[in-house]
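Presented sequentially are two complexes of chain A, the first with chain B as partner and the second with chain C.
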Partner chain A sequence: MQNSFAAGATAQEAPKAITVNAMPAATWGWLKMNDAEAAVPAHLASAPNAARLEVEVNGKTVNPTRDADAFERALDSAAGRYALAQRLGAGDAAQQPSRQSATPEKELDATALSSYQSGALDLERTYTPARAFKTGMGHEGFGYLSEVSRGPHLIAAPAHASVCATLHVCGAPGAAAVGAVDVVASEGSNVSITIALDSPDEGEGIVGSAVRVLAGKGARVSIACIQTLADGYTALDDTGMFLAEGAQASVRHDVLGAGASFTGLSADLRGDESRATVNVNYLGARSQTRDFNYEITHRGRNTESNISANGVLAGESKKCLRGTIDLTHGCKGSQGTEHETVLLADERVRNKSVPVILCDEDEVAGNHGATIGHIRADQLLYLTCRGISEDAAEELFIRAKLEDAAIAAPSRAARAGIVRLGKRMFDDFEESLGEEIA
Partner chain B sequence: MPKKRSQVNDIDRSLYDIRNSEQEAERLSAGLTPQIVREISKRKDEPQWMLDFRLKSLEIYQSMPTPSWGPALDGLDMDNIVTYVKPNTSQQSDWESVPDDIKSTFERLGIPEAERSYLAGVGAQYDSELVYHNMQDTAAKMGIVYSGIEEALREPRWEELIRSKFMTLIPPADHKFAALHGAVWSGGSFVYVPAGVKLDFPLQSYFRLNARGAGQFEHTLIIVEDDADLHFIEGCSAPKYNVANLHAGAVELFVGKRAHLRYSTIENWSKNMYNLNTKRARVDAEGEIEWISGSFGSHVGYLYPMSVLAGRRSRSSFTGITFAGAGQNLDTGCKVVLAAPETSATVETKGISKGGGVQTFRSSVVATPAARDSTVSVSCQSLMLDDISRSDTIPAMDIRAKNVDIGHEATIGRIGDDKVFYLMSRGVSEEEARTMIVNGFAEPVSKELPLEYAVEMNNLIKLEMEGAIG
Partner chain C sequence: MHSIETPGTAAIAAKPIETPGAAQAYTSLASPGAQNTALLDVRNLAASADDMQILHGVSLSIGKGETHVLMGPNGAGKSTLGRLIMGDPSYEQTAGSILFDGSDISELSPDKRSRAGLFLSFQAPVEIPGVPLLSFLRAAASGRFGQGLRGRKLRARIEELCDELDMDPAYLDRELGVGFSGGEKKKLEMLQLLLLAPKLAILDETDSGLDVDALGVVSRGIDAYRESCDGSLLIITHNTRILEHLKVDRVHVMVDGRIAAEGDASLIPWIDRNGFESFENASLSDPCCQAGDDINACPARTPSASASSLPAETR
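For the complex of A and B:
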């Protein structure tokens, strides 16, 4: 999937394509689902003061700091706790030779693993949190965002502290506006982050966020990202997470605007009983494109993940959602669930879904369900009998998606962005929300 | 006390591991060159267009990359593969004329007996050539043609039809091993069922690869005309060697309006086999293709039968089971293209992995803009019998049509304790309970197979209980 950004860019700003959102275990190339290309102008200026971060610790406002290496240091310091032998029981350790029996002399007796499968086995043998850490958008995407953001802000939550942060990134015409945040949540802390990606109605540009999270033992991290860009803008939203024992992450992505949006999230459930929940709500209209990549890797025992995606596609919009639940060797007792519901509100839309379950462990459960469809004939009949035409019915679903996002918006700024977006599509959108919501 | 795991036995392959001498067989040189392709064509006395087709396919093969998304193919070196091995006999129509060693092999595999019992016709290929082909007179009188494809190609009556269909569903440019097939194909069957003819008994082709380090590249072309009905069974096996063997066959099926074709396969190649087979069906209006597929053998398997639903209200169903044991990486599944209104497709697959084996379910469902008011249901269940094996599920869906409903569900896991508990609470022992659950897991596929094949499949996944699984 490609965005159409920079259609009007000058020769000097010729866009370069960066590969993002590559799914870990590829499928057939002809489907063109394995990854996406995001077009970004090669020398787009960074928007000055585009990202504004406000942080409260235990109810007191603090000044955010920048420390580019703090996250890596925290990951490195976690390395010692996660040696391979530690998570394998005696019985498993005895079986390890069977998993490593591939020798060139007996090539046909050894299982001929795919490149992903052999890579996963290598990582299992050499695992450290830092080596395994990645973001959903991948190396190129995160690299681009890091470069444009000029280094991450650090949110360091002390043990058992409560931290509330808001990152507001507002695009500017002809510029790249990116906010980058590293979160190091110490044991038992509670971190809540709201990210609002917004833009003016006019102009073209890049707006994005890059978030890395290390959730310590028993920490709880909640991220809500609401993207309400105008069609001239491209959204790049990238997240990577590492969760220690008992840590919990809850992520909500509302992808409502932007001509092209690319959203990636990767979570390493390394600690036993860690848990990740991802809720994705998206809306595609006109000729917008939506591209997602979610990867949840279960490494600790009794870990749990849940990916839920719910979207409406209208106009000539296109969407691709890759969701991977990776149940690695040793994650006994773990469960991963993924469910997607897509309403196709126009016959010109294009929907691609690749829900992947990778399983290298027996005492686990992986489930996936998907429902993709248009408004059913019986639903349409019901609405038509009440004077609502097919077009009006489709409009209802789009409006409902926006209203739902506005009602659930975690901040006034995010809500304002949704309202502005809604008003662009429906003249009476603000009024229909009611005063107390709008 | 650690929980004791039961063992699921490896398949007893002694039946399939009979190796016959190759002394009297003719082998071309190993490797892949234009000279070898010309030699194959010359031996078959083919029309010029087929030689041109082969040489063009070879060019395509050499220009295409090896697939990078599936199981590793590093152990497959085409320079070491012999693409053509002629057995020491020509095609026969009675078993008594088949050389003793070859006849004995097929007898052990139960082919002549199956022919006597319930088949309307049999084709038996040994290495690169058909050694036996026969069909009952009753089927012939119905106008059904079942012969070697090379034999049919030499008949003016069929040459044009074959030329108009040959490798149109699977063009050489489709993927590297389709191109390889186009270059060196040899043997295989041609079936023509006239309009309105319904054959009550199945036809069967059995492919046996005996030669060490060789490839088998048979081509199956089946045309089922409007309102006709056919059940075709395909079986295959080989003895195990310590070098790689290759199977890159192609199956092209044309199903007419309101016609029905059931294509059943039990794939049981030896564990040194790279099975890179391609199967595809095109279905016209209100026609139906049913794929029944059991994949048990091979070192590496890439197998994804594809249905192209080209006519209004055409249907496809795929029922498959894959069993991957030690040393196997079986990447199987199916593809469906909905290219007409009101089409429907169902996919139900089961995967079992054990002993370090890897099985992957891979699928694609593509609904083109023409596929309005179509439905697809995909269900994929995988069972892990131990924690040194692996099971992956990679389904893809690309929907660009109006009023299309797609339902997809996939589960991976082990035998649930709750199910075992339920059965035990009704007086069934734990071991029996687990055996019943595994058998029940495979049952949706085995019940669709002819009885003899269902028995074979059950033998292939026979369990020897010793404590508890999991």
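For the complex of A and C:
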């Protein structure tokens, strides 16, 4: 029996809520920003052949394989290189036993720890990459996506190889379409992945991707995910990354469509001088909801992260973006920065920006900033003096976001999805883009 | 005969203009026939902002294809007049009317005035992050040219204008005004002027802060605009350099929210030599006499030769 989101769905098909995008260090519950609930219909059928993965290694097309355990094996093999003793200087090592054994129960002057702090100390004790590894949406979200995808494809980049891959996940009405990919990038390799979450047909369903990345020493991994789903769909986009020494990850998320969109990314900067850059572009219109959770955990020395988000909210859309930079014990010399710019193009939108900097180390830097606001009176005057009415100005911001994404789209499929989404909103979208798309 | 219509009154006779050619210009503007064909006809305009009166009974009329210059010292109300004509909601029109192309536009929003054919070039163009310049230009041009100039044709036209204005087309993909130098911003204003081809363009100190090269580009833009669509211009400035290569039909001098003097193009070099001090010192009397200059050398007259002949609003 085909599942659907329709009001007439049976009790068995009624959506269940899975908890996703939980912040690592929770804040007040009444703020309703610690996590999100994604409604997914129980027993929703997996769309057959919904995900298409194409891989080129050093310019030659290869058939992607499925090896569900390859990623775990790679993480386990990395464990030996990151023993706790190697991470700490003499002073730290001497201090370490008291850090881990002092609890309020044993010592009266010990600081009471939050559940997050207790968990962080626990991780310090074990410190295995596999235990620390997580994705941005968390276990429940990743578990759901893994189940629907029927196991991940493996992209294994040999040392110093260049790998280019595209994952196209195509939504199907009344079904769940998920593509799952594990990436094991060996030392010095260069991996580029483009993910397009698209729905050529209107309808209702789930479309998602689950990506795990292990970037070996000096590897470069770039991921661009462009989500252009119709409003009836829910998007679930989940990523987890582990970066060894000198590895660099660059992630771009373009969240442009879907009635409800959930995006999560967690990166473990385990190796010294590893670096993660995240660029997020989002658009909220009508009654769409957007939910993001970004966690960058600095564990290696001299690591660097940068989260940059830029969005436009119009209509009655709602958005929550959590960005956590966690400067853990031992990451001396590291720095993390996050910044968000949100343009509120309508009085009815609801925006939550939640930048969090956690710090358990000295000689580190954590920066955050946000620019949130409505269009200024002088900007609006300028637009109106060029014949652009207030309503047209709101449309301009939406359109500009789509046009910008179309021009920067990394693949033909992604670009086609953006144009399709644009045409759903503006009759002349494709024509107005003209040769940029040709 | 030099004849100027002053607020709320019939035309008042003033002293004859002795500058060769000036009388003809005055006659053509002041004649009843010219009044009827005026593209812009501002009558007895008064405006305030934050409960402070800024403009006091301003009247001026611009015919089709004419170039007028509005000069005056800082704070005289020149930009306010330009913005009021464009419909800036920061200012309240407290009296008078603005007729454009035969219709009273006083109640129209700025976007409707723009669509009607008015254009205001900003003294300090704004930056709008998140909006690529090309997207903005598309939105501004949308619906103006029917089906003829859209998509690729529009882009081609914009690139052609970039070339004409020595502007790198790469700017089209940048965010509107963000990171643009002062000169680049003014070039962008010129690009919009040429693209939208309005019936009347008000250029508010477009020349301010420009180096010689940028000034040349702006001048070329103005020339191209005049040639391409025979549009009318109201150039607001207190610098005479941008006017050197322009054929100016009429010069208005504004002081303290009032039109203190009017004349033909020969008033420009006179102001260049003498400045605005005479107008400021005696905005209701003959500026030439106050300045001690030769009266016959001054090509301007105040709207009235004596304060007593002016209506109360303008005294």
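Quick note on the criterion: the second predicted complex is superposed on the first by the 416 of 438 C-alpha atoms of A that agree within 3 Å, B and C clash if a C-alpha of one lies under 4 Å from a C-alpha of the other, contacts with A are read in each partner's own complex, and residues count from 1 in each chain.
Please note the rule applied: contacts are C-beta pairs under 8 Å (C-beta built on N, C-alpha and C of every residue); 3 or more make two chains touch, one makes a residue touch a chain.
Keep in mind the model is a prediction, meaning the values are calculated, not measured.
**Student:** Superposed on chain A, are chain B and chain C clashing or fitting side by side?
**Tutor:** They fit: once the shared chain is superposed, the two partners occupy separate space.
**Student:** Please work out whether A:D67 is in contact with chain B alone, chain C alone, both, or neither, and reply first, second, both or neither.
**Tutor:** neither
**Student:** Counting only touches as set out at the top, which of chain B and chain C does A:T341 meet: first, second, both, neither?
**Tutor:** second
**Student:** Could you say whether A:A400 touches chain B, chain C, both of them, or neither, answering first, second, both or neither?
**Tutor:** Touch partner of A:A400: chain C, not chain B.
**Student:** Scan A:D378 for contacts with chain B and chain C and give back first, second, both or neither.
**Tutor:** Touch status of A:D378: second partner only.
**Student:** Can A:T27 be said to touch chain B (first), chain C (second), both, or neither?
**Tutor:** first
**Student:** For A:E140 in the superposed arrangement: first (chain B), second (chain C), both or neither?
**Tutor:** neither
**Student:** See if chain A has more residues touched by chain B or by chain C, and give me that chain.
**Tutor:** Of chain B and chain C, the partner in contact with more residues of chain A is B.
**Student:** So if I put the vertex at the Cα centre of chain A, how wide is the angle out to the Cα centres of chain B and chain C? Nearest 10 degrees is fine.
**Tutor:** Approximately 80 degrees at the chain A centre.
**Student:** With both complexes overlaid on chain A, does A:A392 touch chain B (first), chain C (second), both or neither?
**Tutor:** second
**Student:** Enter the shortest inter-chain Cα distance between chain B and chain C once the structures share a common frame, rounded to whole Å.
**Tutor:** Scanning every C-alpha pair, the shortest chain B to chain C distance is 15 Å.
**Student:** Can you list the residues of chain A that touch chain B in one structure and chain C in the other?
**Tutor:** 376-377
**Student:** Under the touch definition given earlier, write down the residues of chain C that touch chain A in their complex.
**Tutor:** So the residues of chain C in touch with chain A come to 86-90, 109-111, 113-115, 119-120, 122, 125-126, 128-132, 134-136, 138-140, 142, 144, 150-155, 173, 192, 196.
**Student:** Mind listing the chain B positions that touch chain A in their complex?
**Tutor:** 2, 68-75, 242-244, 271-272, 299-300, 326-329, 331, 355-358, 360, 362, 364, 366, 369, 372, 382, 384-414, 470
**Student:** Touching chain C in the complex: which residues of chain A?
**Tutor:** Of all residues in chain A, those touching chain C are 310, 312, 341, 343, 375-379, 381-390, 392, 395-397, 399-401, 403-404, 407, 428, 431-436, 438.
**Student:** Can you list the residues on chain A that touch chain B in the complex?
**Tutor:** 25-29, 31, 33-34, 90-92, 95, 98-99, 101, 107-115, 117-118, 327, 329, 332, 344, 347, 349-374, 376-377
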